[in-house]
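In the two complexes that follow, subunit A is the common piece, with subunit B as its partner first and subunit C second.
Coming up: the complex of A and B.
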């Protein structure tokens, strides 16, 4: 393989690795929004997933238990959010902001208390050896040129995500369940007339979204990094929100957006280091650009993408309208 | 006029009573939860109160902490009232502080404190306002929801501030992203010596009262509220909807930017990119104050006391993490929202049964 091909494979692999948690959280958020509930607080939910996965893995020594704990934590957050926004008729945008604040506060608090507790017991706060996940290459498939290392040399949760995407695409496009989910957000009164319980349905969609976001958090803390830091999601949850709109509430668009974002992210990380070693004058000239501008790039790209794409993308009609509607 | 004033006051009093009740219940629950986790409740409450208001100095640092919260709370409150969902106070706050630090350390045109301080404060406010206008432009002409663009712009502002603090604004002799300390003569003067009572607090209070008057007693405030409640009606009444939205966004961003500038010149005196999450907390402050500038004064004070007390508790032997304060804030917002949502529904139902005209409009009560 030529160095250029090598570089391209490397970048694509990084892009998929970085995009996985966003796709995972994005699928959940998409289902939630299609059912008529926008959850701004997935950032907080992901953080709760991160801390739950990290602490439970640290105590139990099993990554799988940690992953399940993260999904449970995400679902608990979803229950709180559903109680406020679906059953309590709170404004979803502001309730979502509160969920974000709650996730940041609670995860930071649990992290400090966990550190104190482990240190008092004389344990390290690092994960026990071998309890975090590492990449699992799939035996035969990962030898395929280009596609192999990019798609089949990833963390286990990445394969699950690919499967989930296929299943959800089928569910949303081809099944009665998918129709109901979309109708919850587009025509809740029709659902009601057909005997579907609107608030229950929305709550279940939110529960699914919570589990997805929790798992995405676990991916960040016990797979990708094997560490926890407060605010470690770094705005990824917010970017997911933007990407759902960017994909015009369609699964393929969302996945494409996440991969594009992941690619820009891996490109900027690579550029940050590569520009110093490069012989190429144009690339070398980039050494004068402060590295923060590279970090800014994904967010700028998201804003620009939204500015270009979000015209004529109406989305579910009943987003942020509590059921049952009250007419004046 | 007098009757309207009395009605306003009565509304304010009931709102305050409700908010106080919610806060008391949530605080009691928090202390109860602390007791379950093994933190002695009486000792905890005692430490918290002493840390927040136990001495003249503690009192002043609570008020100084409430000052940026008041300004970001006003930023959120003014915008939400007009239906502009500005969640970008965090970025606007940072940029305000950034411009203020630039104007007081590196880009000084004058050297008299009487000129430099106002320039820095106004510069910070204008920077915050312009940053907000970007989001409003994207909403109006590119249909990007303000909620999303302001959040994303927060991160752009954060990295912009870090780049500046590690570049042109970096202090000499450090590798960290921090600015040099602002010269003492440019600090906001204290009105009680040897405390944290700086004149920025008075400035913020005056601004809150001015905004209240603007909102309640002027044509501008009325139009802004109508635009928030129902843009269609506003348009039918030939109100300049777009212009009002841009103006409100500028005022909102300017409040947040001024908050950053005041926090910098009055309290911390040098800048890092981590100046606390006042921007996000401002949303909670605004909601607890029910979007009323006078209510926001009280809720900012409450949050200031909560934060300052929480830091003292963390420093004490109990070592309860100060993030507890954030959890309490989030719970307060959720409870307030649910109360507003449910009371709205009840009011609508009652209104429909009695066919009464006094059904509260949607936006105002939900937020």
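Coming up: the complex of A and C.
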């Protein structure tokens, strides 16, 4: 491969790696929003997934157990949120903000307790060797030119995410279940009339979203980095919220948005490096550009794309409207 | 009653004034020195479990507690806005020393110090003189210079890189020192710099991967809790046959990190415990003086720590000699690195 092809493959692979947790959390958020509930606390849920996965993997020595714990933690967060916003009829934005703060604070506290506990026992807080996940190249497929390293040399959860996207696309577009999910957000009265329990349906959608966000957190802590740090999600949960709107509440749009964001981020990191390390004079000229400009690029691109794509993009009609409605 | 002659009155007043001065001076000294356990408050803006700057500060203050049998109060997640109230509260409760751990506490400390009282204020990681406050100016530029020399000697590709958490003066100084050291060995060496985040290991990992993809084979990172991401990227690169790729630690001794200690030849270390201990002792003895305290190679607070496991294999005798020579030049002022 030529250096340019090498670079392109690298950028694409990095984009897929970075986009995976956003897609995973985004699929859950999309289902939740389609059912009429917006959860702006996914950042906090992801953080709970991060810490649950890391600590349970650290103690059990098995990444799979850690991943399941992260999903369970996400579901617990979802239960609390559903209790407040669906059953308690609290404002979803306010309840979501509370969930975000809860996740940030609780994950930091658990981390501190875990560190103290391990240190008192004389154990390291690092993951036991071999317990975290590594990239799993799929034999034969990962040798395919370009596509191989990009799609088939990823973490196991990336393959699961691809499968989940296919299944969810089919479910939302082609099945009765998909129709009910969309109807929960667009016409809850119709669902009610048809005998569908709206609050239960919305709660189940939130449970699914919680599991997805928890797994996304696990991806960050026990797959991509094998590390935990307070606030390690770095605002990814909020980016996901924006990307659901960017994708006009449709799965292909959401996936495209996440990949686009990941690609721009990967590109800016490579440009920051290439301007110093490359022999290319055009790239070398970029050394005078402040690094903040490169860091700004993914967010700038997201805002521009959001402004363009979100026009004429009505969301679910009953989003942030509790059921049953109180007519005044 | 016969009055004293004027001359005698003057002598008497002069003697009294002299005695008063002597006694008040002695009393002042007596009040400045502290008897009983020292009471120290440690305030930081982040989490003391961040695996970096704040955690090191907490560990250092616990060393002070142990060595001086001091009473220590640690308060984390304090924003500069809240810091004034928090510091004032500690001062009113009779704390002898308040340490604000980070540049962001300089203004709050100055404001509370201006209110008077016996409490002493120190701010770590600041380099500005403020009335009533002792600022601890950690100069990692000097050990970074030495790491630059090591990086240039280790690099096979002639490309090295620096990743910082944020482009604040103390971190930029590390980059400058690193670049100056590397260029003192190889004038044409290519040095990349990027800034990511203090607490996002995934971001620092992808940045390190971008470095490695561009042929960079020695990385100096100063990203605190996000450093594990860089270590992960380096470990993966060496595992996949990209290597050898090396990484340097910073702030604390990260040579023994569990991810890639075999590829971490050295760290630029701030011995916070030394600096805090010295300040605490000054307060205890009544010799505390506000101003800027340079914490550097000269007083042994900011130093390079080599990975003992890699001496002889990765770190050759020639490299050690070059480091020692650079250390001498920095100490004698023959080489000056702007901090």
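One rule holds in what follows: the second predicted complex is superposed on the first by the 325 of 328 C-alpha atoms of A that agree within 3 Å, B and C clash if a C-alpha of one lies under 4 Å from a C-alpha of the other, contacts with A are read in each partner's own complex, and residues count from 1 in each chain.
One rule holds for everything that comes next: contacts are C-beta pairs under 8 Å (C-beta built on N, C-alpha and C of every residue); 3 or more make two chains touch, one makes a residue touch a chain.
It should be emphasised that the depicted structure is a prediction, and the values quoted were computed from it without experimental measurement.
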item	value
Side-by-side fit of subunit B and subunit C on subunit A, or clash	clash
Which of subunit B and subunit C A:295 touches, first, second, both or neither	both
Which of subunit B and subunit C A:108 touches, first, second, both or neither	both
Partner chain in contact with A:17 - subunit B first, subunit C second, else both or neither	second
Partner chain(s) touched by A:89 [first = subunit B, second = subunit C, both, neither]	first
Partner chain(s) touched by A:60 [first = subunit B, second = subunit C, both, neither]	neither
Broader residue contact with subunit A after superposition on the shared chain, subunit B or subunit C	B
Partner chain in contact with A:229 - subunit B first, subunit C second, else both or neither	second
Common interface residues of subunit A - those touching subunit B in one complex and subunit C in the other	108, 112, 292, 295
For the subunit A and subunit B complex, residues of the former touching the latter	40, 80, 83-84, 88-91, 93-95, 97-102, 104-106, 108-109, 112-113, 116, 235, 238-239, 241-242, 245, 290, 292-293, 295-296, 299-300, 302-303, 306-308, 310-311, 322, 326-328
Interfacial residue positions of subunit A with respect to subunit C in the complex	6-7, 10, 14, 17-18, 108, 111-112, 115, 124, 126, 220, 224-227, 229-234, 265-266, 269-270, 272-278, 291-292, 295
Of all residues in subunit B, those that touch subunit A in their complex	37, 80, 85, 87, 138, 142-145, 147-149, 151-156, 159-160, 162-163, 166-167, 277, 280-281, 283-284, 287, 319, 321, 323-327, 329-331, 333-334, 337-338, 340-342, 344-345, 348-349, 352, 359, 362, 366-367
Contact set on subunit C toward subunit A in their complex	46-51, 159, 161, 167, 190-195, 197, 199-203, 205-207, 209-211, 213-216, 225-226, 228-229, 232, 258-259
